[in-house]
Amino acid sequence: MEIITISKFNNNKGLNDEDEEMEDVSNNDQIVTPGELITEDTVWMRGHGTFALGNKTYSSVAGTILKVNKLLSVKPLKGRYTPETGDHIIGRVIEVGNRRWKVDIGARSDAVLLLGSVNLPGGILRRKSDTDELTMRNMLKEGDLLNCEVQSLFQDGSASLHTRSLKYGKLKNGIFLSVPRSLIIRSKNHSFVLQGNVSIILGVNGYIWIYKTPTVDNRLKTDSTASTASKLQSGVMGRQSGYQVGSGSVSLTRLEEESSWEIYSDKNDENISDAIRSNIIRYRNAIQALAHSQIGINESRINMAYEASMAYGSLGSLTEPEVMENISNDVLNGEKMRGS
Amino acid sequence: MVKLAGLSLNEQEFLTDSLKQGIRSDGRSLDQFRDVEITLGDQPGYVDVRLGKTRVAVRVSGSITKPYEDRPFEGIFTISTEIGPIAGAFFENGRPSDEEVLVSRLIEKAIKRSGALDVEGLCIVAGDKCWNIRADIHFMDFDGGFIDASCIGVITALQHFSRPEVTVSGEQVVVYSTDEREPVKLSILHVPICVTFALFNPKEKEENIKGGADGNEEAGEFAIVDATMKEEGLSNGTLTITMNKNKEICQISKSGGLPAEGLMVMDCANKAYGIVEKLTDQIKEVLKQ
Amino acid sequence: MSNKELYSPEGLRLDGRRWNELKSFTCKVNTHQTSSDGSSYVQQGNTKVMCKVNGPLEPKSKANSNNNNASITVNLNIASFSPVERRKRPKSDRRIKEMMTILEKTFSETVITKLYPRTQIIVDCYVLSQDGGILSAVANSVTLALIDAGIAMYDFVSSINVGLYNNSIPILDLNHLEEGDMSFLTLGIVGKSEKLAMMLLEEKIPFDKLETLLGIGISGAQRIKDLMDEELRKHGKLLISTAAS
Amino acid sequence: MSIIIPGDQLPVDETTLNSKKLTVGPSIYVDPLLDNQMTISNAGIFTHKEKKTKQLITVESSSKNYIPAVGDLIVGTVLGGFGEFFKVSLSNYKPPAILSYMAFENATKKNRPNLKTGSLVYARISAYDPNIDVELECFNPTTGKAEGFGELTGGTVVEVDLGFARYLMFNENNPVLEHLSKKCQFEIAIGVNGKVWIKGGDLVTTLACCQYIEQAQRLASGELEQLLKKLWKQHNI
Amino acid sequence: MELDAKIGVLNNAGGSSEVSLNGIKVVCGINGPMEARPRQELPTTCYLEVIIRPAIGNPTVREKYMEDKIKNFLNSVIIGNLYPRQVIQVNLQILEKKNNNSSYTSDSDESAATEDVLLELNCCINSAFLALVDANISIYKAFNSNIFTYTHKGSLVKDGLSEAKSRHLVVYGIKNNKVDELLYGENVGRFSEKKLFMALERGEKESMILHSKLKELSVESVKQKFVYLS
């Protein structure tokens, strides 16, 4: 079982092939492990996951080789979340600080959410005041979950977040689930409305929020919650039918009326029915089944896993290892059928 | 061992540059042990060891107790190694750091576990009474080399110490005062000596790990003997080898730190033996007086 | 059981191995995917060890925050049911503390800590069953778990112990009966080199045997490295085949 | 040389002390609770200087324990940058001093001094009160010029007793440096906090200078030449 | 018994001394004044940390008791307001202790141990004085400690190591070359009020004698520090 730890490769341009026929790296499924010599060719720029001595470039992680132009890097199979600007993620407030919140986003270091980067209650055009600084804990406090976006990165790689859009903000009416972030497949949209009156946010950082789809039922109520919900709903609907950049954005006037204290409420809706509750659980367990088998998670797979889980009546049985494996096999098989 | 409290970059650079050229700030060569000054106290079992500016006092004492239940035929031998702030403000009182735990484990392995003291000879009445020999190491002043100095101290103090004569008549154990009967020396089976090396890697870490291998140029790691506090603080790890004059290795400890070529360890062991021979003779000489 | 037939004249050990034969070695990675960033399970004969790595993450206290490097904290739990005779060891036991420090200092040199300034990497090791070579098994499992966590490392650390029977015959990868009866050297090497990341000898051996023991230990550890490497590649292939989008 | 220790009487009688305006230096404690009685609180060398209208009594003592005073020139180690200032260590286990980014030559909001953690600076103490942080400056505030202050590059540091550091600093023609300057070229920055920075032409010279300064403080001036010879021979310079 | 002392025996400590007296040998090392940890910080004065370690065995309540006594006493001598929010650490390591058979101890020695407390305190206090002077820490006055013993026959002796009826530790402060005030006293055994006063009176005289000896040592150490002036 000898393993050749020194492997060389040539690139497609055939720059350096003095040895026998070599593997082509771009097929992407060659695995390298730490300390392994990747190349002695100096044309490559060394990216993440590599280190170098002299002419030689070594891998520093276990993963696959990734070439972008002249940049050579090794993409680890797994690893903590590294924030990138524009990532749609979920975070948990762990500290209320001086004009900022510290938010755990599952990255190497905690992210910050500046007071200036949230929608202030009572209208977006309002300047932030000293009172806001003193009442920060009324908006978001330790333990609260947030739906947010990475606004920018600091020099050391830590993130600054913002929630300045109606689709972001504090989360309620649902449950939290964390999966290895490598399983979340980046796409242009990370929140979905699913069947069974359930919506989901797949944070790029592996944090997932499954919640009751905000309904239009309480439209009759005259308070502003109703309008928030309804407009949110319409926004979501809009996205469902072919989301386009810009179509989900909301005009300033609407923002103004919606940004009341209500968006920071701690109270769940009163009318979450048992059916919805069990649907949420079912989705949760279905996703967990996917994660159990290391299957990448996206909307269609969630739906397939959900359908596959219907074969099992009891929600509790979904957490059994065999059931989880069955569900994920069903998903993979279903995909093959469709693909062929 | 100690965090480099306040050692500026200039000093760090100066020290490593000198070491690279084989120069040490106290004028020694890289594999030269500092002169050891061993002073015996008036009382048996008290020894004061100075290794450069490092100073360690060892006090060996004995009392009669009950042996451990699982070892009825053996006496008890304990070594106490608590480093207090008298040795330097960087040592905290009553809270041993990880490094201090390593020091105490090392001294225990070097002397106790290597069987330097014949514990069976400490038994008075099997399962009932035995000698409890205790070595208290008082760390007084720190400038590197605590392990080496305390090992010399303990092994010298054990040889210097003598316990009162005891006789057993039936159930009765009689302890004679030193005036009544000549006290008895402890039986020492061999004389272990610790030699600590500080490891340096003057180049990048990559060089250390991958240098030499895969046909790259030689890695440049080197080891120096008996580092001072500053040298120890700058080093990338230590290697302690304990040997006796019979060419037995009692203990080797390289608790992490800079990865070192096997050959380098062998080289260190050879150097250590030369030092061990010299120190063993010195201890013998001191004890003769 | 004193110095009897630990090694028969035919060259067999109590468990039927030859002098240079390893205990059966199995390892797995990613065993605790929900509770850790990286995890592993290592079984060397009847020694069973599991390891979880969390991090790099925001340090739990200021003391663990270093401006230039990640700080590595190792916790070692030895289950009271793990030895043949049930025995509880307090966490403050100096032997355990020593092992934790050794592991911390070893991996601080092999993890590329400068990539993760102001962060902490927490390594939790659990010894579930003991049959010799705990430190080695733990070191191996830490290597695997760190790699599984995607933390950048210069190379593997692989570890093994080698004993000296009757002051003459070297014996590789001891079980606990053998450990109790002979002096042995525990070593950890970096990658496939001959560089010693850690080295521990706790009892007397003749000086002229040191070189032999080192040589045998190094080749044993290199073999362990291969076995771990193989498992990692197998696991990686599997991951790629399922997680592809 | 009149050496006094705590418990001694002031070697000057009261009528002399009352005759002119008196300034009391350190190591003599004026007890506000005991009618401003003066007592000797530390051991050292007593001096009594009289001028036309005023007089001064001090006890010059030496130790390793540095107490800051405004105007002192010090060699400090940068502990890191924090917002608008560096923290600088004057001696181990003491609260760090503060060195503002603006207290450098040509410093502006944009043009910030670049000092790495661990680098050495030669600075002046610009403000001190036992109850707040010590403040440093790396330029002459009247001219705005560096005048030798700022980062010390290369070389190394010797730690000496505070008394010796002051002796080197305030006796311009002291035999210690006089002898050394005849032997070799070197740069020196003396901090009254007991740190002396030295840089010779090459590494060996620097080392020899270090050893010389360190050992000179334990020798009488007559023995200096011999020490120099010994060291230079040892290093083959 | 004659006091034997050295000053400046340690390198890392700010000030140090080694004193042998009555068969006891103590090394005192003083660190500081240095930055206090938050829990030790006192806003207007310095925090004193006294650490005593016995020659044999681990510190016990006996050492804690002595630490407390010395701490209280030193607090009245050190000019604390010169060192606000700082710590002065006084380390006392007892190295040798000469009782009848020091290398051999058994459980029955406990009663003797309590008597030794005075002898050890005596040695520690004198050692602390020299170390404070060496560390250049400001003190209100000089001080020293003496021990007096009433034998069973009723005569008063200085030191006196053999069995005694009572033992008195007397510490006087010295200022302006005169005995200033009684700073600290500790007595064991049975004695009358009159006898105590007699011991104190004797203490005043002996205190000056001992002071001149300590002064001689201190002056010599200052000379050594300024040797480069010669």
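Order as written gives the chain letters A, B, C, D and E; numbering starts at 1 within each chain.
In this text, contacts are C-beta pairs under 8 Å (C-beta built on N, C-alpha and C of every residue); 3 or more make two chains touch, one makes a residue touch a chain.
All values derive from a computational prediction rather than experimental measurement.
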item	value
Steps needed, at minimum, to go from chain C to chain D via contacts	2
Partner chains that chain D and chain E have in common	B
Most distant chain from chain E by Cα centroid	A
Contact-richer chain pair [B-C vs B-D]	B-C
Inter-chain centre distance, chain A versus chain B - centres from mean C-alpha coordinates, in Å	55
Chain B-chain E separation of Cα centroids, rounded to whole Å	32
Between chain A and chain D, centroid-to-centroid distance (C-alpha), Å	59
Whole-Å separation of chain centres (CA-atom averages), chain C against chain E	53
Residues of chain A engaged with two or more neighbouring chains	35, 51, 58
Residues of chain B engaged with two or more neighbouring chains	89, 206, 209-210
Numbers and ranges of chain E residues touching at least 2 other chains	31-32, 34
Every chain pair in contact, whichever chains are involved	A-B, A-C, B-C, B-D, B-E, D-E
Chain E to chain D touching residues, read off their complex	14-15, 31-35, 79, 82, 84-85, 133-143, 174-177, 211, 215, 218-219, 221-230
For the chain D and chain E complex, residues of the former touching the latter	1, 3, 5-10, 27, 29, 31, 39, 41-45, 60-65, 92-95, 130-131, 161, 163-164, 167, 176, 216-221
Touching residues (chain side chain A, partner chain C) in the complex	1-3, 5, 29, 31, 33-35, 49, 51, 58, 60-64, 76-80, 104, 108-110, 156, 178-180, 182-183, 185, 291, 293-296, 298, 332
For the chain C and chain A complex, residues of the former touching the latter	30, 33-34, 37-38, 55-58, 112, 116-119, 147-156, 190-192, 226-227, 229-230, 232-233, 235-245
For the chain B and chain A complex, residues of the former touching the latter	204, 206-207, 209-211, 214, 216-217
